[in-house]
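Down below is the structure, laid out as structure tokens.
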Amino acid sequence: MLLREVEYAKPGSVTEALELLAANDGARALAGGQTLINVMKARAASPDMLVDLNGLRELKGIELAGDGTLTIGAMTTYTEIMRSAEAKARPILGEVCATIADVQVRNRGTIGGNVCSNDPTNHLPPLMVAVGATMTVLGAGGTREVPAEEFFLGVYMTAAGPGELLTKISIPAGKKDGFAAVTLGAEGTCIANAAATVNGSVRVALGCVDAVPVVVTADSPDGVADAVRAAGLEPPSDVHASAEYRLHLATVVATRAAEEAASR
Amino acid sequence: MTESSTTTVAPAPVEVQKGWGGQSIKRKEDKRLLQGEGVFVDDIKRHGMGYLHFVRSPYAHAHITSIDVSAAEAVEGVYGTLTGEEVAALTDPFFQISSAPGANIKDYALAVGKVRYVGEAVVAVVAETRELARDASELVEVEYEPLPALVDAREAQKPGAPVLHDDAGGNLMWSGLYSWGDVDAAFAEADRVIAIDELHFHRFNSTPLECDGALVEFNRGVEQWTLHTNNQFPGFAAIMMGPAMKVGLDKLRFVTQDIGGGFGNKITSHPQLVVCCLLARKLNRPIQWTEWRTDFHMSMSHGNERWFSDTKVAVSNDGTLLGFKTKALDDAGAWLRYEPLGGVIWAQVTPGMYRWRHIELEFTQVATNKAPVSPNRGYSRMQHLWFTERVVDIVAHELGLDPVEVRKRNYIRAEDMPYETPNGCVYDSGDYARMLDLALELIGYDGLGARREQAKANGKLLGVGIGSTLDSGTNNFGQSRMINPELQFSGNNEVATVKLDIFGEIVVTLGTTPQGQGHETTAAQVVADILKCSPDDVHVRAGHDSYWNSHAGFSGTYASQFAVTGLGAVKGATEMLRDEIFKLAGAVFGGVPAEALELADGGIRIKESPDAFLPFMACGAIINANNAGLPEDLDVTLNCRYVYRPPFQVPDIEKKFGNLTLTYAAQIHVAVVEVDPETGYYEIVDYAAVDDCGNRINPQIVEGQVMGATAQAIGAAMHEVFSYDEDGNLLTPNFYDYHVPHALDMPPLATGAIESPSPFTPLGTKGMGEGGGAGIHAICAAIQDATGVQVKQSHNPYQRVWQMLQ
Amino acid sequence: MNVSGEKVFDAPRDVVWRVMNDPASMAKTMPGVETFDIHDDRHWTANVKIPLGLGGLKMKVDMEKIEEREPEFAKLAVKGHGVGAMMNMETSFTLGDAPDGGGTSMAWSADVHILGPVGSMGQRVLQPIVNQQVQHVLSALDAQVQAAKQQQQ
Amino acid sequence: MDVSVTVNGTTYARDVEPRKLLIHFLRDDLDLTGSHIGCDTGNCGACSVLVDGVLVKCCMLLAVQANGASIETVEGISENGELTPLQQSFNEHHALQCGYCTPGMLMSATALLRENPSPSEDEIKKALQGNICRCTGYWNIVEAVKAVGK
């Protein structure tokens, strides 16, 4: 409640949005606002300007290419992904989106906002890393393609730097995916989560244990727990889980995600 | 007793008495609330009002070395500020309930010289808009000199511990020794003495969805404040505020309509209300204060956190409970806002539901650098009942006995009712063993063996647990003298007025401040039965206004008492009105005696010749507007005020002996949990709640209270905790980290009821609604059953359950 | 929150010491420094904007050197004031000769306390953020040391 | 900034600060106090309204973002003052106690029933997951919604 003073701009195009972001050091892109607005209520952060990306058609939509590659606009909401026939090409996407928060949040919250805020408890950063997504970042310098694994730089920090925008996310075809989490109550905040993909070997991306998703690989789901233990994680402690407990949960959810992936 | 009880499995309501009472009629309150037309405190606006924002302490413990409000006051649109220094100059410290040393602390409406918890209000800023008030509050410069923080009550009395209140000479606020029966003899004759090192009941509250708030106006001409506020116990707030502000209580007019949940948490907003009053006078404009969720979590009404240490239980090998000894340590937080009443309130349920006669409890309450505690649904009894239930399950575990058998062996029996407890309380009625049978039947207890196996096959651990509790209602405020012999409180009361208006409207005014308990509906049911009309013909005024003169010192909605005190007052006032109608009709019909008359169809008539009929409309019109020629000695106003006063004596302060509450509603809950041993994650897969609150005026409303108490208990047992780090930062300051149950968290629920009417109350009802935290106890017991590990904490998040299994 | 570690600089101890005690180069190691004022050789004030994706966290940071034993030990008291967050930190470092000859080893530790809404609500993410800022400071420090070393040669 | 919104069929034009949340705008500027505020983190759902037919928590939306939108709030559900079947069902099933969360619950239930006229119990719980009630434990609310499902 009661935000600090902020300017509001509603650009008519992505180009205009980029100009606004570049021209104002304190400007921040406003996607679904389901995280940013709450941080602003706490006045823990207070951008000087909000550049509202809602309504920019260029950033919306889901396309399925002939080779099965999905391209999802950054401003596509969780609800849109859940309901999209195209998105079923990678079923895990809709399944995970359906467990994020609640209807109201899913109606506003976007895939781009979720990955760009990169809160360690978010669902999508580990999922994007596991499925080997490619993020398209647009800036004054033009377009960059960043593999999800390199996209996440820190808490609330990504390769989409000041004056840049994540415009779309490409996800290769695939079905053998899994996602597992221990949450605070049913479908609540994640205490530990993991996304897995089986493509010959098992690739698991762990959330909640570090500033960015941590990737571990193994030949089979049975090897995942050891791989997690070998990763030398130092998870944060908080009111819901000590570092020790979170580390243990990481081994469990990683294994469960891998088993689910292998079973499909 | 047993004969007058009937058993049913809700939701099918029981017909407990003829007439409207006993029927689940639809609530009169609902229409406005369903259409968004309720009036909650933040909905009230006044011309020129200023919005108040509090500057709060970021430190758990620090000296305030300087405060500079000049920058804030310089902002255009800022109306003014208030500091602790001003408060100290304008008011006296709040009256303290405690005897020494707690009596010596100096509690003001804003921090003076020192802050004692994170979130404590230091300065109030008032501005033209909500946003501006918060902006300006960021410009208030407060210099602090940090002090070490005390966050663990167990450290409070150790040498070198930081001291919150120098005036009290330490962190001890209150202590008292309670001892009844012959404890030493009991332990001498015991087959076994079971020792329990430490049990911990955690800090949480009911987090009503609406936080606190007020719109306060000051009428300069008559020097009187009108407080539109959602405070749920205006009688208490007035008693605290008047002396501090050095004004008579009638200068403080409390008005409220709809309140968005209270659960006890809205009793102690008097400090904030004083700030609003002082600013309304200082700035000569209405002051609007809305508390936001994070403010509420940081600073309002946490439930009492309590440790039980060195517990010893005297038992026989067959599981018979003889007595117990324990030391209770209560964490009051930074201020005694309603405390140390928690130090005696627990004694209303001293033996829990059990027949042990030899009990010794050493109660100590200390201050810590955390938010002040205040009543929370199940206030202080819940903590103690959790203790007695834990003791029973731990005893059963130690003796290798079935917890069901241990309970049945020790429950107070129906034939013992009314039962006098070792400390002189009188349990009015009940049949706990039958309630347990019903609860076990509802949960399918006999089939659980198979479910255990099935769970095991899926790698899960199934466990079942019982929580058997009492909801003691209608306080005898005389118990406060056990805390402080100098206090001049005793007994209890509530007020209602019922009148016939000029067109025959039946208008009821209550002294209570309901927050969803359906008072308008149940009051109308009681009136309709007496006046032989429909509840639709009865207008019960919504909310509370102390100018209606329909309140008394203990008026309010708290401590499970409306069905006794509130409805007792309604019944008394309505019977007065009925008798006046008989008198009036007798006179109008020309001296017809009362016994020849009867009420019917919204009027009164002569039994023998029903055509001689006087509708209420005529009665109202005659007395109010057409009274020429009435007999001079006709003493009729058709406006009847009745004060219900329960039959209480002042307890024996020396022996700490006496009847502390009038009624004892009972709850028996059974929870079935399924634990994932790999993670500690668990779910409640089945739940049954059986309640006995005597006659139920509206069974559906009663069941609603049972459901609500159950949901809150589930949240408290699994997730909800006000957790602090070593610096005194609250780590669960809002619903993001303080997880309350959502729809998907709720288990299947079966409710049941039996009705053991209270022999002591006007309607055979018992106060109910708090529920004694039965769900917390049941879930703890179920986790113990599933894991095979004794549960020593009331709060069991997944991590703790996982640790138990390591 | 306690964070500590050890770092080896490929530079002689006197160079490292100089850098560590030169406010100007300290300024270059702090994240998001907007202004840096030197009151005297023991007291400095910086206005920083710690970069966080959701918007930088602005803080006024007062630093005081409270202990010094040239050329191996120094201790700083750091007080940060920002709206929504206050930081109290005590940090110290001990310099020694790196074990296998050549270079300087630095054992450092910091006791960080964050107060205010960020301290409460941000607890979940503070640890990773602090670790990240520490890494930033250490690598910036390395750069400063190398620069000083170049100058010297 | 100039903002024009249509709420329950009435169009309002106002000048608002960009920082003002839609819920504050509805409650304080338009005096539509039926929608409530129960938290400050977007968790409680007491402020749930329909914006252009989409269920949102309007404490996570700026008023300026709603410019040109059509908004439905609890004040708009009743037809000429009469309770709708959903509201009647809440009354019959005792699905409200203090009534503070009720407006948001009704909006969430309304959104559900428009898309799914006969929801299952699980579908109802999932649809109400974003609305906190501290009085009822949800059981009666779920029953009330189920009962109006065809």
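Here the chain labels run A, B, C and D in written order, and each chain numbers its own residues starting at 1.
FYI, a contact is a pair of C-beta atoms (placed from the backbone, for glycine too) under 8 Å apart; a residue touches a chain by one contact, two chains touch by 3 or more.
A quick note: this is a predicted structure, and the numbers were derived from the prediction, not measured.
Q: Considering only chains that satisfy the touch condition with chain C, which of them also satisfy it with chain D?
A: In this structure, the chains that contact chain D and also chain C are A, B.
Q: Between chain B and chain D, which partner chains are common?
A: Both chain B and chain D are touched by A, going by the contact rule given at the top.
Q: How big is the gap, in whole Å, between where the Cα atoms of chain A centre and where those of chain D centre?
A: Here chain A and chain D have centroids separated by 28 Å.
Q: Taking each chain's centre as the mean position of its Cα atoms, how many Å separate chain A from chain C?
A: About 32 Å separates the centre of chain A from that of chain C.
Q: Taking the mean of the CA coordinates per chain, how far is chain B from chain C in Å?
A: 51
Q: At what distance in angstrom does the C-alpha mean of chain B lie from that of chain A?
A: Going by mean C-alpha positions, chain A sits 44 Å from chain B.
Q: Note the residues in chain D that touch 2 or more other chains, in rising order.
A: 17, 19-20, 24, 37, 40-41, 126, 129-131
Q: Multi-chain contacts in chain C: which residues touch at least two other chains?
A: Chain C, residues with two or more chain partners: 83, 117, 121, 123-124.
Q: What are the residues of chain B that contact at least two other chains?
A: Answer for chain B, listing residues that touch two or more other chains: 130-131, 138, 292, 294, 731, 734, 736-737, 741-742, 744.
Q: For this structure, enumerate the chain pairs that meet the touch criterion.
A: Pairs flagged as touching, ordered by label: A-B, A-C, A-D, B-C, B-D.
Q: Quick check: in the complex, which residue numbers of chain B touch chain A?
A: By the definition above, chain B touches chain A via 53, 130-131, 134-135, 138, 292, 294, 678-681, 718-719, 721, 723, 731-732, 736-737, 739, 741-742, 744-745, 797-799, 802-803.
Q: Over in the complex, which chain B residues touch chain D? Could you list them?
A: 24, 26-27, 29-31, 33-38, 40, 42-43, 45, 130-131, 206-211, 258-263, 292-294, 515-518, 700-701, 703-705, 707-708, 710-712, 714, 734-736, 740-744, 746, 749
Q: Hey, which residues of chain D end up touching chain B in the complex?
A: 17, 19-20, 24, 27-28, 31-41, 43-44, 46, 73-75, 77-78, 81, 83, 87, 90-92, 94, 96-103, 106, 124-126, 128-142
Q: Under the touch definition given earlier, write down the residues of chain B that touch chain C in their complex.
A: Spelled out, the residues of chain B in touch with chain C are 58-59, 118, 138, 146, 294, 298, 725, 727, 729-731, 733-734, 736-737.
Q: What does chain A use to touch chain C in their complex?
A: Touching chain C from chain A are residues 26, 28, 35-36, 39-40, 42-47, 116-121, 154-158, 210-211, 236-239.
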